[in-house]
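Chain lettering (A, B, C and D) follows the sequence in which the chains are written, and residue indices restart at 1 in each chain.
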Amino acid sequence: MYDRRLAIESVAHVGPGQFILGFECPEIAAQCRPGHFVMISVAESIDPVLRRPMAIYRVLRDASNTPYGFTLLIEVVGCGTALLEQKSIGDHLEVLGPLGVPFSLPTKDEASGEHLLVMGGVGSAPFPLVAEELLKSGHRVRAFVGARTAEALLCVDDFRELGVPVEVATDDGSEGFHGYVVHPLQGYLESEDPANAVLYACGPTPMMRAVHEIAIIRNLPLQVSFEAPMACGIGVCLSCVVRVDAGDYGDWRYVRCCREGPVFDSRRLVWQ
Amino acid sequence: MYDRRLAIESVAHVGPGQFILGFECPEIAAQCRPGHFVMISVAESIDPVLRRPMAIYRVLRDASNTPYGFTLLIEVVGCGTALLEQKSIGDHLEVLGPLGVPFSLPTKDEASGEHLLVMGGVGSAPFPLVAEELLKSGHRVRAFVGARTAEALLCVDDFRELGVPVEVATDDGSEGFHGYVVHPLQGYLESEDPANAVLYACGPTPMMRAVHEIAIIRNLPLQVSFEAPMACGIGVCLSCVVRVDAGDYGDWRYVRCCREGPVFDSRRLVWQ
Amino acid sequence: MSGKRPDLSVRIGDVELSNPVIAASGTFGYGGEFSEIMDLSQLGGVVVKGLSMHVERGNAPPRIVETPGGMLNSIGLQNVGAEGFLEEKLPFLRRFNTAVIANIWGRTFDEYIAVAERLDGAKGLTALELNISCPNIKEGGINFGTDPKQTEQVTRAVRDASSLPLWVKLTPGVTDIGELARAAEAGGADALSVINTLRGMTIDVASRRPTLSTIFGGLSGPAILPIALYMVYETRRATNLPILGIGGIEGLDQALQFFILGANAVQVGTANFYDPMASIRLVDDLRNWCETQGILSINELVGSLESG
Amino acid sequence: MSGKRPDLSVRIGDVELSNPVIAASGTFGYGGEFSEIMDLSQLGGVVVKGLSMHVERGNAPPRIVETPGGMLNSIGLQNVGAEGFLEEKLPFLRRFNTAVIANIWGRTFDEYIAVAERLDGAKGLTALELNISCPNIKEGGINFGTDPKQTEQVTRAVRDASSLPLWVKLTPGVTDIGELARAAEAGGADALSVINTLRGMTIDVASRRPTLSTIFGGLSGPAILPIALYMVYETRRATNLPILGIGGIEGLDQALQFFILGANAVQVGTANFYDPMASIRLVDDLRNWCETQGILSINELVGSLESG
C-alpha cells in the first residue's frame, strides 16, 4: 500500500461519460492483483472532501514485462466522477493503493473448469485483469458483458484481444441479447452445462444477486466484487460495512467492504 | 451592472505571480469607467465561497473603437488569486460588474493642472485606463510607480506606450528610486511645484496615507482607490466598510467601500 | 392557477407568498441594489437587514472572513434604524409585488417593543421577523434566543406591540432547538425562521489575533447546510407552526431537502453574495422541477419525508 | 532536547506526549491499518475507536454521506468491545512508542463504569477518553454530554472506577460549552477533548428519505473548523484544564490556530480518511515551522492569543 501524488499520464474517452486514466507508479503497479482497488482524490479542494474507490483496470508493463503503471476505467455517476472527467494529462491526483482483497484465482497447477466472468456497466473494470491472469495460468475464460446500450458496453475489446469469448446483453437491445446479462449466462449454463464452472461477478447489486441465485441453484462457486460507499478505503472508518453470515443460528455481522472485501465469496454475504 | 459567465479569452503572465486575464463582454465593457471593478469567481467549488474584487485594467475596443471586452491585472496574494493563476483560456468565470464609484475625471473643457498618478504594487491596475481617459480629453498625466523589485513593476510599459512620463521606485533599489514611491512624488512636487496638480493613488494603505498627507500639506486634491475585503461587492453585506468623516464634531460613520467607493476623496476618509 | 403550470404559492400563517423563495436578512440589503439586476417581484419575499429603533454604526472591520465552505460575519447589525427604513427604504420596496419582511432586534425588551411599535401599521410591510440572537444587556447578557423563558417573553412582548404577522428566527447554538421553538410558539409566533448563523471564529496565525474584530462571528454558507436541515427536522417535530428553512441554500437540491423536511418556504442567504441570481434562479428551477415531476403545488412536497 | 531542534513534547496533566499530534477516535481504527503506511511511533498518540463493554455491531448502512466541506457519519459505535481490544488490539499498539488512549462509551452509568474498570491497569494504555455524546437510556435518553449534572456524574463515576488519566470529550451541540467544561472538571476530568461531531442530516431528494439509515449523524471535517475553534476559545475561558483541540484539522494552519487559542495538543480526524499521511506530516510541519519561527518549545505557542 502506497500513498502517492501521481500525474495523469494518459486520458482516453471510451464511451458516454466513460474514460480511462493512466498513471505511472512502479511500486503500486507491482503489487496490483486482479480485483484490487485504489482510493483517488477528485479535487484539490475540500469539495468533495473524500477520495473515491476505483478498481485497477489494467496493469501497464514495459518491454521486459515489468509493471510500471496502471489504468482506471471510470464512469460518471455523480460530482466526483464528473470532476475526474474534466482532468487532463499532467493533472495530479492523490492515489492510495492497492487496497482490498483481490479475486482468488487458481494457480497454473490447479485444475478448474471454465471461468465465467459476469459484469454489468462499469462493474466490468476489474475483469480484463482477471481474464489476463487466468489465461496466463492456462485456464479457460468466458465473459458476459451487460450495459444499458451498445455505446456503454465496456471491456468487450479487451476480452476480444485476449481471445476471450464474449456474450453481450444490452438493456435496450442495441447490441447482443435484449435484456439483462444474467440471461445469456443462464442460457450458456443450460445449453453447455459446463463442468466445474467458476463464477465471478461485478455490477449493480440486483445483477449480482441474480448471479448469486444461479450459483446457489447450480452449486457453482461465485466471487463478487461489491461496491459500498467508502470514506477511507483502508478499514478505519467502518463506513463501508456489508452483512456476512456469522455462522450459527442464521446470525450475521458487519465486515468492511474495503478490507475484508471488496471481493467476497457470494455465499458469505447476506443478500437482503 | 451585469452578472455573466465569461470564458477567459486570453492569459498573459507579466511578472512573478502577476498575470492578465482577458474577457469578451460588450455590455460590461461599454459601461466600464476608470476605477470600476468586477467581482469574479475563483473556483467552481465552494472553496473558497466568495468572489474576488478586481479593478478593470484595460478596456478592449474593436476597429471601430467600440468596447467589446476588458482585462484584469492580477497578483497572487492568497488562495483565490492562486487558483486564478492556474486558469487557462476557455475556462469560465462568473463576472459581476462593472461596480463601484469610478475616478472622477475632468472633461475636455475643464481646465486642470497636471494629473499625478501614484501607485504601488498591483494598485497600478486601474491607472492605465485613468491615464488613457485623461489624455483623451487633453490633460497632462505623470505616473509614479512603485513595487518591491524591478521584476514586480506593473503598468510601466502601458504608460510609456501612452506617452506618459513615468518615475519608478523599488523597495530593493533594483530599478529607479531605492525606496517608497512617495519619495519621487515628493521630489517632483518640490522641484517642479506644478500648479493645480491633481493626485490619484492606489496601493498599500500606508502608501496611500503618505500621499494623503502630502495632499493635505500641499493643498492638492487626491482621490484614492481603497481595497477592503468584500463579500458581495454590491452593497448588501456591509462587510467592506471604511470610516468617513460625518461632518460635525469630528464624528465619523461607516460607508461601503464597494458602493460609496472604492474611489474616495481622500479628505472624506478617516485615516486612523 | 391554470391546469398545467405548477402552483408555487405558499401560505405562512395568514401571509400568502407568490412563491416560497425569500431573500434572507442581512444578505439582500433593503433590496435596492438587487433591483438593478433582477425584478424583485419575481421573489416570494425579501427580509431586510436587521432593524433597530435607532441607526447603528456596526462593528469595526474586519467584519468577514472565509472558512472552509462558508464565511464568518460580524457586521454588528449596522442599519438605518426603523425611521430611516420607513422613510428611505420601504417606499421603494412597495413598488414590487413581493412580501417585505422587517427583521428586527434590540438590546432590551423595550428596544424590541419600540421598533415593533414603530413599524406597526406601515403600509407595504408583510411581517416582522424577530432576530433573537442578541444578548439582553439589561438582563446581564442572557441571550434572548438561547433561554426559553426570554424567548417566550420577547416574542409575547413584540406580539402585543404589533398587529403584523410575527416570524421568530431561531438560533442553532442551543442544546435543544425544539424547546426554543415551543417557547416561541407559546409567546405567539406565527412562524419560525430556522436557522440563524452558528458561532465560529478563526485566528490569523501571523498576528496571533482573531481574524474578526469582534473575536467571533456568525457562520453561514454551504458548510452549515446539514446542521440547518437537522434543526428544521427537530423544529418540525416540536411544533406545527410554518417553518422558513434557512442555511446553506445554493439552489434547487438544498431547497428541496428543506421542503421535504417540512419547511413551508426557504430563505437564501450567503449565496446572494457569490451568486447574485441564485434566488431568482431557484424560483425558476423549482417551477421546472415541479413540472417535470408532475407536482401541481409545491405544498405537496412540504413535509413529504418518508421515514423508516 | 538539544539546543537547536524545537521541543514538540507537551504535557496533558500527568501524561507526557512526544508531540502534540494525536489521531482522533473513530478515524484511525485501532492503529493496525495505518501502521502499514507510517511509523506510529512518530505520532504523539492514538485514540482508538470508541469502546463499549461488549462487542457492538453498529448501525445499518448507509453510514456516511458527504456534505459541503465535510461529511456525516452514523457508524453507531461499532467496536470490538473492551475484551476484544485488550486481547487483539492493545498488544499490537504497545509495540510503538506512542500514547494509546481508549475512547469509551456506554448507554448507562453502569456500562461506562464497566468498561472503565475492565480497562483499568491495562499495560500500555495511557489514558481514557470519555465519549459522552450518547443518550443515557436509563434516564430516558437525557444526553450524558448535554446535561451538566449527567456530565459531572458520569465523569465522577469513571474517575472513581479507573486510575487512568481521564479526558472528557465535549459535544458542541450545547448552549454553553463552558458550563459542560466546568461540569466535567468538577467530576474530576484531567483534560478536555473539544469537540466531537455536530448533529446534521441530509435528504436524498429522489427517495425523499434521510440519506443516513439513522436519520441524522455527526458532522466532521473542514466545514466545522470555525465552530471547533470557537468552542476551544469558550472552553479555555471556562477552565484551566488541558485541552485537546479537535475539528476540521487538515494541517499546520489549523493546528496552529488551536494552539494559539490554548489547546495543548490536537487531534486529527476526518483528514485521516482523505489524506492518510496528514497527521504524520503535521508533526514534521510543526517542527519545521517552530524552527523557522525560532520557537524552542511548542508550549510557547499554547494560549498565545493576542487580544484587543
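The rule is simple: contacts are C-beta pairs under 8 Å (C-beta built on N, C-alpha and C of every residue); 3 or more make two chains touch, one makes a residue touch a chain.
None of the values given here were measured: they were computed from a predicted structure.
Participant: Averaging each chain's C-alpha atoms to get its centre, pick out the one most distant from subunit D.
Facilitator: Taking each chain's C-alpha mean as its centre, the farthest from subunit D is B.
Participant: Roughly how many whole angstrom separate the Cα centroids of subunit A and subunit D?
Facilitator: 36
Participant: Centre to centre, by mean C-alpha position, how many angstrom separate subunit A and subunit B?
Facilitator: Chain centroid spacing, subunit A to subunit B, equals 56 Å.
Participant: In subunit A, which residues are in touch with two or more of the other chains?
Facilitator: 46-47
Participant: Would you mind listing the residues of subunit D that make contact with two or more other chains?
Facilitator: Subunit D, residues with two or more chain partners: 68-70, 221-223.
Participant: Just say which it is for the chain contacts: an open line, a closed ring, a star, complete, or other.
Facilitator: complete
Participant: Give every residue of subunit C touching subunit A within the complex, in rising order.
Facilitator: 68-69
Participant: Spell out the residues on subunit A that touch subunit D in their complex, using ranges where they run on.
Facilitator: Subunit A reaches subunit D through residues 1-3, 41, 46-51, 94, 96, 228-229, 231-232, 234-242, 253-254, 259.
Participant: Can you list the residues on subunit D that touch subunit C in the complex?
Facilitator: That would be residues 67-70, 72, 143, 146, 173-176, 198-203, 205, 207-210, 215-216, 219, 221-227, 229-230, 233, 248, 253, 256-257, 260-261, 304-307 of subunit D.
Participant: Residue numbers of subunit B touching subunit A in their complex, please.
Facilitator: Per the touch definition, subunit B meets subunit A at residues 43, 45-47.
Participant: If you look only at subunit C, which of its residues touch subunit B in the complex?
Facilitator: Going by the criterion above, the answer is residues 26-29, 33-34, 36-37, 49, 57-58, 61-66, 68-71, 73, 75, 78, 221-223, 250, 270, 272-277.
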